[in-house]
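Labels for the chains are A, B, C and D, by order of writing; each one numbers its residues from 1.
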């Protein structure tokens, strides 16, 4: 399984943080957040990770005609999240290669700092026809840490 | 408000029926179905209405490069739907005009025949650039009742 | 239809505002936001309306054992919202009665101030057994405008 | 990680099958199914697995006051699913222990028999207070294969 791989060319990188507040829509009749919604928060985390490094993912898709499709996801649920909780989504690139990018996530409850969930996603780079391609070179610097590249 | 209009060229038409079973994901912490999910069932109802009349909506979008975008929705919630309930979605075209199509829905609990919800959607016809257009003539017969057209 | 009613004891009230950013999960293959997701944003608007007036809706449900169940919703879609748009959700109580509360919403694109959608929800007051009840008197002041009550 | 564990008391068991048709709501602007929705289909698969073995999961929660909370999920995405595709969800219990149950899933496109995705979920048994407990003995036979128990 590629998610555990550590032979990346660069990474792991620095964490970014963003917040979400749990919506009523995201709960289920168990009174907790339904488990699929954590993957939506991972997506929010990825977008904010990119934004905090200067890349608007929406513009990347439009300008580069390139897509990061999810090939694999893994999530461990620790403490349940509940309606109206404010959660901090911590995100970083775990490994960045030409054809495969993996992100790592930690979701923490803001008030208690309890770990809610952690996970990983593995992404393949696709062109506008849905074919695997390599990550466009002119965008690579957004994903390569200055710290890491000095190493 | 266009939803109440009755000056349509054709309609109302015959009802179609299809079934869904309530998913855990569709409930919320009140123990009932979250209110936005009824609109997803309306969408299922529209697709099955078309299919039962011979039109696969997916193929329509692809072949005609035409889209039915929702301009307005209205839903009244009568009896709550709950997890694992089997629901019957009844759908019909309420009015069909060149630029505006309205659908009408009734959602009934299969076991008890209780009315769960009822609603309407109003759709505008868009071309692939998102501009208003007229409904393609070669697809009109799917939406015009033989019964109605004899009237 | 109750949504248009104006014989409320109090209201309409002042608007509250909150922001959301459109998630990838909220788009559909038309490249726009799927129409049911606007109802989720209405829910976010309601919760923030309450919070800005001092009432945490989560605590209200827990402490008063009272629920505001949606009896009716109406939404008009004006300009499509797209991925990564920042939207302002404006919310106010349109009318507040003992057994029925209606909220009104306007969703505006932050960047352009274009009106994206507008809508209303009508809520009935339920006790913990799901039976209609009256709104608990000790919480009424959160919904009655000082301005309105002077009228 | 428990998902890979094979020291279960019973299992793996026989597969059950059920079908879903992809909804427009489940697509995103990439034109494919949004990745979190596969977890909803896993949930559908679990419910139908139980039903086909004689256990209505809704009744189990109500009667046993016991909940199977997801502790971990893993999903690999092979071929994208698209709007209106009919998918077969194959589900089985991978391992069944007193406090931990793991399910395994394969999602196949009905028309082509292409593998769309595969995954696993690990569940902990919770009582009505959200505390870990053991699986109620009187329901165990639903999860123990006659074939397996003869082994």
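One rule holds in what follows: a contact is a pair of C-beta atoms (placed from the backbone, for glycine too) under 8 Å apart; a residue touches a chain by one contact, two chains touch by 3 or more.
Owing to the predicted nature of the structure, the values given are computational and were not obtained by experimental measurement.
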Query raised in the report: Given the pairs A-C, A-D or C-D, which one repeats the contacts seen at A-B for over half of the pairs?
Result: C-D
**Report entry** B-D against B-C, pair bridged by the larger set of C-beta contacts
**Finding:** B-C
Requested in this report: Return the distance between the CA-based centres of subunit B and subunit D, expressed in whole Å.
Outcome: 31
Query raised in the report: Quick one: subunit C and subunit D, Cα centre-to-centre, how many Å?
Result: 36
Query - Centre-to-centre distance between subunit C and subunit B (centres being mean Cα positions), rounded to whole Å - result: 25
Query - Multi-partner residues of subunit C (at least 2 other chains) - result: 24-25, 30, 32, 36, 40, 43, 83
Query raised in the report: Which of the residues in subunit C end up touching subunit A in this complex?
Result: 23-25, 40, 43-44, 47, 56-58, 83-84
Query raised in the report: Given the complex with subunit A, which residues does subunit B contribute to the contact?
Result: 24-25, 27-32, 34, 36, 83
**Report entry** subunit D partner contacts - residues on subunit A that touch it in the complex
**Finding:** 30, 32, 35-37, 39-40, 43, 67, 69-77, 80, 130
